[in-house]
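Structures are listed in the sections that come next.
One chain, subunit A, appears in both complexes that follow, with subunit B as partner in the first and subunit C in the second.
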Partner chain A sequence: MKAGSGGRYLGLVLLLAPVLVWLLGLIVIPQVDLAYQSLQERGSSGERALSLAQYRGFFEESQYWRSYLRTALMSLLATACTLLIAFPVAWHVAKVARGRVRLWMMVALLVPFWASETVRSLGWMLLLRESGVLPQWLAAAGLVAEAPELLYHDATILTGLVYTSLLFMVVPLIGVFETLDDALLEASYDLGGNRWSTLWHIVVPHAAPGIAAGCIVVFMLAVGNYLTPTLLGGNSAHWFTEVIYDQFIVRSNWEQGAAFGLLLLVLSSAVVWVALALTGQRLGQVLRRT
Partner chain B sequence: MSRAGLDIERVHKRYGDFIAVADLDLSVAPGSFFSILGPSGCGKTTLLRMIAGFLDPDRGDIRIGGKSQIGVAPNRRPVNLVFQHLALFPMMSVGDNVAYGLARRGMARSRAREQAVAILARVGLPGSADKRIDQLSGGQRQRVALARCLVLEPSLLLLDEPLGALDLKLREQMKVELKQLQADFGTTFVYITHDQSEALVLSDRLAVMNAGRFEQVGTPEQIYHCPASAFVAGFVGEANRLPGSVSAVHADGAQVLLDGGLQLAVRCAAPLAAGTAVEVFLRPEAIRVIGAGEADPGAGPTLAATVQAALFDGARSTLLVQAERVGVALRVAWPASAQAGYARGSTLRLAIAADAAWAFAR
Partner chain C sequence: MIPSLEPPRPVLGSVLLGAFLLFLFAPLLVVAVFAFNDAGYPAPPWRGFVLDWFIGNAARGRVGLLQDEALLGSIATSAVVALWVATLSVTLGTAAAWLLERMHFAGKSLLAALLLVPLVIPGVILGVSLLSLASGIAQVADERWGLDLDFLRPGLPLVICGQVSFMAAIATLTIAARLKRLDPGLEEAARDLGAGPWTGFRTIVLPYLRPTLVASAVVAFLMSFENFNTTLLLSGSDPPLTVFLYGRMREGATPVVNAVSLLLMLASALAAVLTRRRTPRP
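Right, the complex of A and B next:
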């Protein structure tokens, strides 16, 4: 019996090995190293010393914390927009569409993800740049005098972010909507409720774990996104991942980059924590919905 | 307490080629307990959903308290529905469940809360307003579902097999409670069920429904003792089914020659011609075991029988016997006086009560 349970234990370790290697090697060790590096300062002669200079630099240089705040706010906005768009879509797939229609709607949601994110972003550029499809149509239709430049606006970045992350909101929402008993909706109407009171008192509380799960994923994807803000926002994006990239690659200032990286991690964690606390949910309950 | 009658006039509903409800007429008196009894798929749920407003009839009229409800949305009808699986809101406390309808009418939170607490006490759940739904037992949930509707003082309360999910013991108990609550509140109840015992026990009047039509509407006694069709006779209560054919017709019934050879006087709901092949329905309690030394009763035939099986079930015990000249095995009510069991193969004498057998054309 003892040997058997020991064998099972060994089997478990072997099965978990890839995950453990992945967790330890690719997440824990780099983060610890990042944290260590961010607390270093290079002197004039190249010697290193422990210091908080990198973090001081973040707060003293306004372009850094402005970019940080801007990234946070834009990501929150993108998350909210994604939720507003995904909610009716997911409702329709889960509760209204039946049979083949439902299947095709799911396929339509998935198809864009068969192309890489780069290709999709380039697609948006083809559509939106000054000589692109949409501005030319607008000009040809006489709605505007001159073809406008639709790229490099905040709205363009938002559009791109929403588009990229829509599926990650729709899927958990479909999950929670499917578990919502239609009789509850009927009961709400039967007791005198209307569309809005049913939505607010029945649907949203039931869907809360799915909404939270979707929002967490979408927010994290948006905050950590590099490609979409860079391609669609250009130089005006001021996305925080660009600032980090700049420190690591362009300026080779790894210590500063490491500090920024950690700050981004703090931002994601803080927003998730605040959102869960505000809606009175627990992480474990939410994760079951993803 | 407001109460109103329900009038249904030639209501019709079809799904494609399937007719769910076929030109039904129905009238329910204000303040009464009315049941619609039928097997699953008979259209009773469709009918109920049309009354509640979740389905529109293809044609016909539904009036509550004299006012037509056609085109009125479910949230504007003076009707509430107790759902089959209750559909209590799991995201709310018991008190909020009950106060939900009041809040939708714009009642202030504190007043809605007071009323919810009061009605919960009235249905036997004092002090449970702050509990979660999943902290309640099946019977308690049942009462919350009722309270959630009754607090709105509906003119008409619809109940869709609400006892179906409960175990037998609790169901019996809830039957009694439901009947008392209805008498207490005076609201008109329309109750649908496939359980004949619920329908018989609870109702002032009931309708037996089959294939989209009412086979018979009447008091439980009428339905049980004077079935209008073979379906009613077979569906409601236990009955022995004896094949035979009409040998003679007279003013208030007929003579049937059973396939086994017995001549039996029967009643019939529709006139039958001589020679018609019929099925005779005979309740187990209409067949009496004649005790040893007891004289044969004058009315009705007597026959000798052999016990095949004794089916002891307390007050509902029956004997399965093979009787002479009948042809099929008979279920016979276990004599109340008999304390000892019946051995298989022992012989008995049976008396069939006069006027208790009903014949319907096969």
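Right, the complex of A and C next:
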């Protein structure tokens, strides 16, 4: 603090106070409290004691850790599928399409995000459920004997997750593709490279930061999602957020719910950390890309 | 076009592009189409075009959107929440951005790191932790001092807090990025010319930031309107629109849900187009 800057000091306090109230009151203290809650056990007469019972419960009850693993794996799978679809689309927008086509492709990518996730899920439900558009058409066209139920499958959940997070992958990918010098691609072909070797040795290394940024955000959104898995997966979703919600609302076992919440936070943070470490990036850069 | 790329295969390309566009638009299209179907449920077959799901009333046997009190109530709730969230997020975001870009103090790098934390915590966890803390405090206040702190129970104040907790961080990133590009020399010049810090802020910084502030507010408003994961646990007896719609969708929705969804899409598309036009290009 420079001398003679009393006004500046007051300004600092006035700005810092609300920001600290926000960050401490709404983020830090609730998370610490959640961790503390998860280490409590309620005795028969309602008294509380420190214990690891909630975490033991997670490992002993197979339905809990199964749901946890399932959510982690499905989210990874959803991230991979999103990358596979977003990659060519972003490439097309950044390197192939020009002028009006490019503009319209960008608009087309944005439109689903003008609808809320609730609306997007409703759309998939109307398309895929037994009485919905696609099964009825398949039956009417004589391709199947009876209209199939296309909701409530794992593939349905994946479709919904990919759909809902596509933009968060496409945007950072377009960003890195645009900074890729076309001369490098030319050089690769001149030196005898083909499509695949160019992709692997030139494009992917250059795009790594964007790929990582997109994957981090998409994975976080998938793992923490509640709406899409429950609506598109129904009772067979077994998504971990649903397990958490169930503990808080249905069973009123908040200590158990707190432990599950913390475990989800650990999963999400661990994957983010690994992805950052693998690509040598910092979190700030990643979040600014999307 | 990159000249030495192998020649593209136009037929395959068009088919793939078409399939991709179908993937993007089919879900939204069915939502829109079945808002006008003359049937009690949003499913084929098509029975004819009606506006019942917008303007129908009980006398006609179908309660349309405009007569559905509970639905309209939840839209009003969402609007109130979104206004608060937009105002608070942009205010906090501006304060935090200013701290990051224009102030020097001990612990600034810690603050910068802390500002990213809300963005990596899953929304459900933000809701759960806030609910748990608030209920804990409310319970202690009730048992020790006999105070009934109603605002700490699930309801709109908690929904607003939960949404602000991460949207203010998004606003901070956007506003800080814009502030970084403003030459501090301009503010110094204003002060050299005799302006106090407040006058300098008002005449130089605020006009420069205004488009970004407006855009951040619109984004926060729309995201608040559409937020589900954080809101679900924190909302009480008067749920905002998304939570209300979720309940209806689980029960088996009538096309009224399609009607309100269609209006939502159109409204946010309009808002997006309007702000895009006003946002300065970097």
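FYI, the second predicted complex is superposed on the first by the 252 of 290 C-alpha atoms of A that agree within 3 Å, B and C clash if a C-alpha of one lies under 4 Å from a C-alpha of the other, contacts with A are read in each partner's own complex, and residues count from 1 in each chain.
What we mean here is this: contacts are C-beta pairs under 8 Å (C-beta built on N, C-alpha and C of every residue); 3 or more make two chains touch, one makes a residue touch a chain.
On a predicted model such as this, the values are computed, not experimentally measured, just so you know.
Student: Would you sort A:V266 into first (subunit B), second (subunit C), both or neither based on which partner it touches?
Tutor: In the superposed model, A:V266 contacts neither subunit B nor subunit C.
Student: Which partner chains sit in contact with A:S116 here, subunit B, subunit C, both or neither? Use first/second/both/neither.
Tutor: Only subunit C is touched by A:S116; subunit B is not.
Student: Kindly classify A:L10 by the partners it touches after superposition: subunit B alone (first), subunit C alone (second), both, or neither?
Tutor: In the superposition, A:L10 contacts neither subunit B nor subunit C.
Student: After superposition on the shared chain, which partner residues are touched by A:V250: those of subunit B (first), subunit C (second), both, or neither?
Tutor: Once the two structures are laid over each other on A, A:V250 reaches no partner at all.
Student: Looking at A:L52 after the superposition, I want to know if it touches subunit B, subunit C, both of them or none. Which is it: first, second, both, neither?
Tutor: A:L52: touches no partner chain.
Student: Report the partner of subunit A that touches more of its residues: subunit B or subunit C.
Tutor: C
Student: With both complexes superposed on chain A, which partner does A:E186 reach: first (subunit B), second (subunit C), both or neither?
Tutor: Touch status of A:E186: both partners.
Student: Of the two partner chains, subunit B (first) and subunit C (second), which one does A:H206 touch, if any: first, second, both, or neither?
Tutor: A:H206 sits against subunit B, while subunit C stays out of touch.
Student: Based on the superposed arrangement, let me know which partner A:W124 touches: subunit B (first), subunit C (second), both, or neither?
Tutor: After superposition on chain A, A:W124 lies in contact with subunit C alone.
Student: Touching subunit B and also subunit C: which subunit A residues?
Tutor: On subunit A, the residues that contact subunit B in one structure and subunit C in the other are 186, 189-190.
Student: Within their complex, state which residues of subunit A touch subunit C.
Tutor: Going through subunit A, the ones touching subunit C are 1, 7-8, 11-12, 15-16, 18-19, 22-23, 26-31, 33-34, 37, 85, 88-89, 92, 95-96, 98, 108-112, 114-127, 129, 131-133, 136-137, 163, 182, 185-186, 189-190, 195, 220, 223-227, 231, 241, 244-245, 248-249, 254, 257-258, 261, 264-265, 268-269, 272, 283-284, 287-288.
Student: Report the residues of subunit C in contact with subunit A in the complex, numbered from low to high.
Tutor: On the subunit C side, the touching residues are 1-6, 8, 16-17, 20-21, 23-31, 34, 41-45, 91-92, 95-96, 98-99, 103-105, 111-112, 114-126, 128-133, 135-136, 161-162, 164-165, 168, 173, 177, 197, 225-226, 228-229, 232-233, 242, 245-246, 249-250, 253, 257-258, 261, 264-265, 268-269, 272.
Student: Within the complex, which stretch of subunit A touches subunit B?
Tutor: Within the complex, subunit A touches subunit B at residues 181, 183-184, 186-194, 197, 201-202, 205-206.
Student: Which of the residues in subunit B come into contact with subunit A in the complex?
Tutor: Residue positions touching the partner: 52, 54, 73-75, 79-81, 83-85, 87-92, 100-101, 104-105, 148-149, 152.
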